[in-house]
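Starting off with a structure, shown below.
Labels run A, B, C and D following the written order; every chain starts at residue 1.
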Amino acid sequence: MSFIRPNIRHPQLAVNDLGYTRANYEGALSTLCAGCGHDSISAAILQSCFELSIEPHKVAKMSGIGCSSKTPAYFLGNSHGFNSVHGRMPSVATGANLANRDLVYIGVSGDGDTASIGMGQFAHVVRRNLNMVYIVMNNGCYGLTKGQDSATADRGSASKKGIPNPYSSIDLCETAIQLGAGFVARSFSGDKEQLIPLIKAAVSHRGFALIDVVSPCVTFNNTANSTKSYDHVREHMNATGTFDFVPLKEEITTEYEPGQTEEITLHDGSAVRLHKATESLDFSSRRSAMNEIEKHKEKGEVLTGLLYLNPQTPDTHELLGTTTTPLNQLDKDKLCPGSKTLDAINDSFR
Amino acid sequence: MSFIRPNIRHPQLAVNDLGYTRANYEGALSTLCAGCGHDSISAAILQSCFELSIEPHKVAKMSGIGCSSKTPAYFLGNSHGFNSVHGRMPSVATGANLANRDLVYIGVSGDGDTASIGMGQFAHVVRRNLNMVYIVMNNGCYGLTKGQDSATADRGSASKKGIPNPYSSIDLCETAIQLGAGFVARSFSGDKEQLIPLIKAAVSHRGFALIDVVSPCVTFNNTANSTKSYDHVREHMNATGTFDFVPLKEEITTEYEPGQTEEITLHDGSAVRLHKATESLDFSSRRSAMNEIEKHKEKGEVLTGLLYLNPQTPDTHELLGTTTTPLNQLDKDKLCPGSKTLDAINDSFR
Amino acid sequence: MHKIAAVNDFVIKFANINGTGSASANNMFAKSIFRSGVPVTPKNIFPSNIQGLPTWYEVRVSEKGYLGRRGGVDFMVATNGQTMMQDFQEVLPGGYFLYDNSKPLAPKYKRDDIHLIGIPLTDICIQEYTDPRQRQLFKNIIYVGALSYLLNIEFEVFAELVQDQFKGKEKLITPNIHALELGYRYAKEYYAETCQLKIERRDLNQGKILVDGNTGTALGAIYAGATVAGWYPITPSTSVVDAFEKYCKRLRVDPANGMNNFAIVQAEDELAAMGMVLGASWNGARAFTATSGPGVSLMAEFLGLAYFAEIPGVLVDVQRTGPSTGMPTRTQQSDIMAAAYASHGDTKHVCLYPANPKECFDMSFNAFELTEYLQTPVIILSDLDLGMNDNMCDAFEWNDEIDYNRGKVLSTDELENLKERWGRYLDVDGEGIGYRTIPGTHPTKGSYFTRGSSHDEYAAYTESSEAYVRSMQRLEKKWDTAKTLVPKPNIRIENKQSKVGAIFFGTSTDAAHEAIDLMQQQNVSVNGLQIKAFPFTAEVEAFIAQHDTIFVIEQNRDGQMKTLLVNELQLDPARLTSVLNYDGMPITATYIVEQIEATINQNKVTPLQQADRG
Amino acid sequence: MHKIAAVNDFVIKFANINGTGSASANNMFAKSIFRSGVPVTPKNIFPSNIQGLPTWYEVRVSEKGYLGRRGGVDFMVATNGQTMMQDFQEVLPGGYFLYDNSKPLAPKYKRDDIHLIGIPLTDICIQEYTDPRQRQLFKNIIYVGALSYLLNIEFEVFAELVQDQFKGKEKLITPNIHALELGYRYAKEYYAETCQLKIERRDLNQGKILVDGNTGTALGAIYAGATVAGWYPITPSTSVVDAFEKYCKRLRVDPANGMNNFAIVQAEDELAAMGMVLGASWNGARAFTATSGPGVSLMAEFLGLAYFAEIPGVLVDVQRTGPSTGMPTRTQQSDIMAAAYASHGDTKHVCLYPANPKECFDMSFNAFELTEYLQTPVIILSDLDLGMNDNMCDAFEWNDEIDYNRGKVLSTDELENLKERWGRYLDVDGEGIGYRTIPGTHPTKGSYFTRGSSHDEYAAYTESSEAYVRSMQRLEKKWDTAKTLVPKPNIRIENKQSKVGAIFFGTSTDAAHEAIDLMQQQNVSVNGLQIKAFPFTAEVEAFIAQHDTIFVIEQNRDGQMKTLLVNELQLDPARLTSVLNYDGMPITATYIVEQIEATINQNKVTPLQQADRG
C-alpha cells in the first residue's frame, strides 16, 4: 500500500483561487503497490485540479476495471466517481457527458482496459470527439490480473514472466490522432514537470484529450527487458519540448525565440506555450505528429510531451447541436409536449 | 436480386490448372440489390480463386453480419463458409486458422461489421498478423439495416437520408498499417482490373492482408452527396499505380523502367509487380504509406491500389511457434501424454 | 361455385417483391379500411433483405374488433411470380385470387374452388407510363384502385389518403389518383359482380388510432422526458429510435436557438449503447436504448452492473425470432428469460410487456418512472409484430397534471440540510431503495463512488461478507417494492365459477381474447389475465390461486413466461399448461382454442407440436 | 484455563499481507500435513489487489477426511497489524494466538480465554538477515518452523518440502531450512508445553493428491487432446490457462523440431475468446476457453450462435461472487442460470459441475467428448474455492485404452462413398444430431454454410416457419439425447427408508456430505445426491421422486439450481427447500445442518438469512 497524501500538514496550507487546499482534492488511501506509477499520476491529477481551481464537484471521474481504473478512488474524493466495467468506460463517459455537458470528465483507464477489451469503444469515443480528458495509465501489462502482456506492450518487450511479447503493439496516441482527437500527448508517470501542465491543458481543451502516460508496474513489468520499466523509459524518453500551461487570467506576454516556441490558445482562453525541442514537429499537423512518433520509435525512443493539438475541433455536443443547458437540467415544461400536441399526433395516425 | 453467374455457357468453357471451370467456383444466386457493389467484389473473388487454381475445398470463407457478410454464400459454393455474428468474424477466423493453418482464409466483412461493432476484433486480428485475406466491402453505411452512416463514412458525406455525417471517419487501411499488417490495399468494386490482381496477391501473401474495397450501396448511399457513390469514387479515385500479379510458375523476367516499377516477391514465390504512379510512395514504408493516404485525403482523393507491402512479417503461427501439421490433424498419440506421465504428474501434487 | 361472402370480416393478403414500392400502397389499403370505420389489422411479412425477395402484407378486417392474426386467406393479391404458386394454393376454397393477367396464367394454376380476378397491371402501366420506375410503382396503386371497387371501399377515402400522403409533394396527387382510377375502372368493367367480400362503412374506430408499436414507445419516451438515446441499429427495433428522432426534431428543438433538447448517438455496438444509457441515467438524464435479442445478449454485463450498482436505464427489446440471428424479420416472445435474468450472478430485472401501441406509449412512460424510482434497469419487451406493424388501439393519452417522479434524488438544499450522515445505499425508508445524488449538485456533500464491485451502505468498496449479504438482501427488498409499483395485470372474468384461466401477455393478448370469446361461444368459460410486468403483482398470484387449470399462452418454444411464473411465485408447474407458438408468425385465436380444447377434452397436452393454422 | 486439545482435527488460520511471500510458506505448511498422511484443506482468502492488503490462509486438518470448510479458528498465526484485532477476536475460546512479539502486544489485546504465543519474528530476522526482502520472506518460514514444533509436525517433512520446492535453485535450500530451525528452536525453548493441537502421522492420503481444481481442468484438457485455447485473463479462471500452458510446454512440444502441438492466444476480450473457440471447434480442433461471470455475460451472444448453428466448444466458468464485478476474490455458485440459459431466444446449454480437482480433470475430458458428440457448447462450472485452492482428492486417472470420440464427423472416405444426399442438419440417427464435415476434407463433397440464421436440413438459409420449427424441435430431441450422455449423479443412500434427501453439487458437496454424517450422528438420516450435469439424468428425477422433502444446497442467493430442477423436471417447488449460502465464503457443514434441522424441526425455513458460522 502506498500513500499519495502529503505527509506534512502545515497550518498555513496553500489555498487555490477557490480557497481550497490540496486536502480538498484528496481521495482515499491508495491500495496499489508501493512504487506503482499509477499513484504518481493520481497525484498529478490531484495537483492539476487543485492548481486549476476546479470545483471538485464539477468533476466526474470515470474508469473501467484494473489497477489503473481503481485510482479515481484515490484522488478527488469530493467528486463523483464511476468505476464501470472492463473496457467500457468510454461509453459510460459518453452517456454521462450527453446528460450534462457542464462537468469536467476525467476518464482513467489502463492499457488493457483501453487497448484490448476497450479498443472499439476507445476508437469511437475519439471519433465523436467527446469533451473529456482520457488518461491511460500505460504499463504495458495487466496489473490487476497479475502481469499478462497488454496490447501496448512493445514487440520484444518482456515482463516478469520473461517471454518477449510477439505481437505488434498498439500506439494509442497514433490511433487517437488518426481518428481525429484534437489533443494528444504522451507522458511518463515519473515526469511530474511534464505531466501536470499537460493535464491542465487537457482539462482546458474542449473536445477529446488523450494523455497516454507510461506508468511502470513495479510488480510485474519493471524488468530489465521491459520497455515500460522506469529505467527504460527514463533512458529512452525524448520530449517534443517543454511545455507551459498559461491560465486565462495570467497575462500572456509573447516573448519567445521564433521558430522554437509556439503558443496555442485553447477554447477557454487559456493557452499552452510550447518550447519545441525539434523543429520537424508541427503540432498542428496530424501527419507530422504520426511521422514524428514513428521516427522516434524506429530509433527505439519514446517521444513524450504534446504531440498534436488542434483547439478548434467541435465536440460531440456541437456535432449534435445539443442545447447549452445540460440535458439533465431540463424540466418537464421543456421536455413534455403536452396533451394538445398529442391529440394532433393521434390524428396523424388516423 | 442480381446474378453474378455468367450468362453464357460455352461447351468449351475455360478450365484452370486444376481442370476446374469457373462454375466450380460459383455460389448461390445473390439476393443483394441489383447493382450493389458487393456483387462485383464477389465476382472478383471468384475470378481470382479460379485463376489462382485454388482448390475450393481448401478455402474457408468467414464473415460477420450484413449485406456484405452474406456474400460468401454467393461465391465458392464448394468451400465451407461461416456466417458468424455481427462484428466478430476476426475471432472466429482466428480460431479456425489456429486449428488448421493449411487452408486459405477469406474473410468478408462490411464497414459496419468491421469499423463499428468489430473495431476491437479487427485491430487485434491485425496485430496478431493472422494469415488471412480480409476484404471489407466498404459502402460507408449499414446496408442491411437500411442505410445508417457507418464509421467509415467520411465527415460531411450524406446518404439517402440527406444528413451529413458529423463524425470523423475511420480509415481501415491506415489502422491496419499502423497495427502491423503486412499487406494493405484499397480498391473499388467497379475496378475489376485492379481488384483481381490485388486479391490474388493478398491470397498469396502470408500474413494479414487487408483489401478495403469501396463498394457503393445503390439503395442507400449512392447519392450525389455521398463520397462512397459510384460517381464520386470514379471521379476521385487515384491509383498508386498499376499492378500485376505474377504467379510462381511464370518466369519472372525483370524488365521495367527503373524507379517506377518495383517487384516484390511474396512468401510463396509468386510476385507482385508494381508500376508506380507516384515516386513519393515507398511501398515498404509504413510512414510513407500513411503519409500518402493522408495527402490524398487532404486533396479529396481516394488513393487506391497497393498501399503497403512487407512480405516478411511472421504470421500468428510463426509468432506462436505452432507445429506445421494442422492442429486439427494431430491424433491422440501426439496429443495425449498417457497414464504413465499422469502418474508422475500426480506425484508432483503430493 | 362457392364464394366466400362477408361484410367487414375477412383476410386479404398481398404478395409482393420488396423494394418495389408495394409497402406504401398496401398501407394505404389498410388505412382505407380504418377510415371506413372498420377495425383492421395489417401485418407485414418481409424477408431479411433489402430488395428483390418475396414479401407479404396480410390484412385482417374484423367488424367484431378482433385484432389478432386470423390465418387463412380469403383474397390474395398476387403480384410476385416467385411465390405465385404458393400464394395460389394458400387461398381458401371460395376465395379470390387477383393476379396480373398481362400474360395468361400458366396451365399449372388449376383450382376450381377459387375465383380468379385478372387485371392486366403490366399492360396498363406500359400503356400509361414511360418511366420504368413509375411503371413499377403505379402497378401497386392500380391494384389498390381495383380493390376499392371489388371490396366496395369508398373511392373518396382513397382520394383523401392520397392527399394526406403527398402533402408537400402535391404534384404527385393527381397521378396517384389517376392510377387508382385505372384499377377501379378496370375492375368495374370486368369484374362487376365477382367479389362477395365487402367493406361497409361503420363507426367503430372512434378514439382509435392505427400506428406501429415502436412509434408508441418512442412517443412515450418523448412524453416521459427522455433526453438521451444511445442505440445500435437492429431489426425490428431500429424504428423506435427513428421515431424518437423524428418527433424530437419536431417537438424538442428549442424554438429560441434551434438547438436540440435531446441527444441521440448511434453507438458502435450494443454494449456501448447500454453504457451510454447508464452513464446518462447515472448523471440524471432519462435515457434509453432499443435493441433486439442479439443486443440483449451483448448488454448482459452492463445490465448486471446496473442491477448491482443500482443505476436506472430503460432498455426496449423488440423481440424477433431467436436463437442467434434466427429469423430477423419474424416475431417471437423469446427473450423473456434472457431479459428477466440477464447477467451472471444473482440478478433479476423489472420487465414490462406491452400488448399494443397504446401500452407501448404508457409503459414507455412507466418504464422511466419505475427505473428512476427503483434505481434499477427496466426492460420493455415488445416484439416485431407489435413494433413494426400498424396496430389498432386507443389513442395515446397524456394527463398534463402528472409530474415526473424522479425518485429518491437529493437536491442541493436537501444535501445542504442533511442532518445525518448520508449513505448512498442506506435503506432509509425500508423500501430497499437508497437516496442517490447527481454529480455536480453540491460542492462538498453527496459525492460517492459508483461501482460494480461489492460496496457498503456508504458506497465504499468492501470485501466483507456481511456487508455483501446486506446489500444483496436489500436488493431483494427492493424487488418486493417493485412488485407493488409495476403495472397490474388486466383481468377478464368470463365466469366467476370457471376454474379455467388463461394467462397471456404482449402480442398474444389479442388472439387470446378472441380465443376466450370463441370458447365462450362453445360454452367453455375461460377467464383471462394479461400480465403486464415482471415481477408479478399480487393479482397474478391470486388469479392463479383461483383457477385449477391455467393456460399460459406465449410465443416461444420453451414456455419462458411459465418458467418465470413458476420460479417467481413458487408454483407447481403442473398447474400451468403451456400454449406455445414459435414459428415466427403471430399466434392465432384458432390455434389457442385448439390447444386449450385438446387439453380440456383429453386432459393431455402436446405443447411443443406445431399446429396447422390454415 | 481451557485449552483446545485435538489430534489431527483443528483449524489454523494465517493472517498475512499479500505480496509478502507468505503464500509459499503457508502452502508448505499445508503440504506438510498432507505428507504426514493427514487429510487437509487449505483455503486462501485474498483481496482483489496485488500488494499490501490483508490476506488469510485457513487450513482445516481433519483425520476423518472432512474437506469442506469448518469455520472457527483454533490457532491463529497473526502477522498482519492491520487486521490483528479482528484476528485476535476470531480465535475460539481455548485457542491459540501466535504473534510477533518483537514489539509487546498493545494493552487492548485482552482476552483471558486464549493462549498467546509470542515469537519475535522481526527481531530474529533483523538479527539474522541484512537484506530487507529476506527479512520479510524468512519471517514466514520462521513461523512455519515454530509450528513444526508447536503442532508436532515432523521436521524432516519440512526439510523434504524445502528440497522439493527449490529443486534447481539449490542454494536456497540451506537458508530456508535454517529459518525453519530458527522458529522451531524458539518455540521449543519458550513454548514447550503450550499447544495441545497435534499432528500425528497417519497413512490416510494414499492415492490422494493435493492440487487446485484449475490445474485439474487444464490437465483434463491436455489429456482430452485440446489444442486451441483462446482466453482473456480474469480471476479466478486465469490459472486454468496458465496451467494448460505450463503443461503444454512440458508435454506438447514436438521433440523433433521444438514446435508446439498447441496454440494459446490471449484474446482481446471474452467475446473474442469465445469466437476463437468456436472457429477452432468448427474447424475440427478441440478448443476451449476459461473465464468467470463477467466473461460468461459477454459470451452470451456467441453461446447462442453455437447452440443454434450446432458448433462444439468448451467453456470453463470458474465462478466468483456476483453480480457484476462483485467480489472477484470470493467464491459463489451463482452463474448456474446465466450458463444454462445463456443467450436470447430459446437456448439451453449442457453444464457440468465438478466438486473436486479429480472431477475437474474427468469432466474436462467429458466436456470435450460431449461437446463434439452433441455439437453444442459444454460449460464446466467450477468456482474460486475449487479452482484456486488446493483441494485433496483422488489422484488423476487415465485409461490408455480409451480413444477420443470425435462424434459424427464425416471422413474423406465417408464423403466419397455417400449414397444419399448429405444434409448437415439431417437427423439421420434419430438422436437429433446431424453429421458434420470439417473444411478441407473432400474436394467436392461436404461443404456447407454455417450460420446463426435459420437454416434447413441442408444448411440453406430459410425463412420458412416449418423448417424453423423442425430445427428447433430437433434441438429438443438432441437435448433429450444429452440427458442420456452426461455424467450421472453420485447418490448416497444413508437409509432407504428416509424420506429426506439433500441435493448438492460442486463445492457444496464436501460440506454436504459432512452435514449428512453429522445429522446421522443425531439419528437424522438424510440421503444425498450430487448433481454432476445439466440437463438432469433420469437418476436425479428418480431420487427426487423417492423423497418427500428435498433440500437443495447451493451457494447463491436465488436458489438457481432449484430453479433449474423445477423448470427442467417440472417439479413442484414446494418439494424443494433451498439451503443457501452466498456470502462469498465456502459453505460449512454446520450451517447446512442448522438450516436443515430448522426446517425439519419447525417445518419452516428461512433460507435467505445468513447464518452465523462461528
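The criterion applied here is as follows: contacts are C-beta pairs under 8 Å (C-beta built on N, C-alpha and C of every residue); 3 or more make two chains touch, one makes a residue touch a chain.
Just so it is clear, the model here is predicted, and its values are computed rather than measured.
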Joint neighbours of subunit C and subunit B, given as chain labels: A, D
Between subunit D and subunit B, distance of the C-alpha-averaged centres to the nearest whole Å: 43
Inter-chain centre distance, subunit A versus subunit D - centres from mean C-alpha coordinates, in Å: 40
Approximate Å spacing (C-alpha centroids) for the pair subunit A, subunit B: 35
Residues of subunit A engaged with two or more neighbouring chains: 85, 116-117, 119-121, 123-124, 128, 151, 320
Residue numbers of subunit D (touch at least two other chains): 48, 268-269, 294, 301, 305, 324-325, 451-453
Category of the chain touch graph - line, ring, star, complete, other: complete
Subunit D residues touching subunit C - in the complex, by the definition given at the top: 47-48, 293-294, 296-298, 300-301, 304-305, 307-309, 321-330, 332, 334-335, 337-338, 341-348, 451-454, 463, 465-466, 468-469, 472-473, 476, 556-558, 560, 563, 566-567, 570-574, 582-585, 608, 610
Subunit D-facing residues of subunit A, complex: 1-2, 31-34, 65, 67, 85-87, 116-117, 119, 142-146, 148-149, 151, 219
Contact footprint of subunit A on subunit C as seen in their complex: 34-35, 205, 208-211, 215, 219, 222-225, 227-228, 230, 247, 251-252, 254, 257-265, 267-269, 271-285, 287, 301-302, 305, 395-400, 403-404, 437-444, 447-453, 461
Complex interface listing, subunit A residues touching subunit C: 55-58, 60, 62, 72-73, 77-85, 88, 90-100, 102-103, 120-121, 123-124, 128, 316-317, 320-324, 327-328, 330, 332, 334-339, 341-343, 345-346, 349-350
Parts of subunit B lying in touch with subunit A, wherever the complex brings them together: 116-121, 123-124, 126-129, 151, 166-171, 174-175, 178-180, 286-287, 290-291, 294-295, 314, 319-320
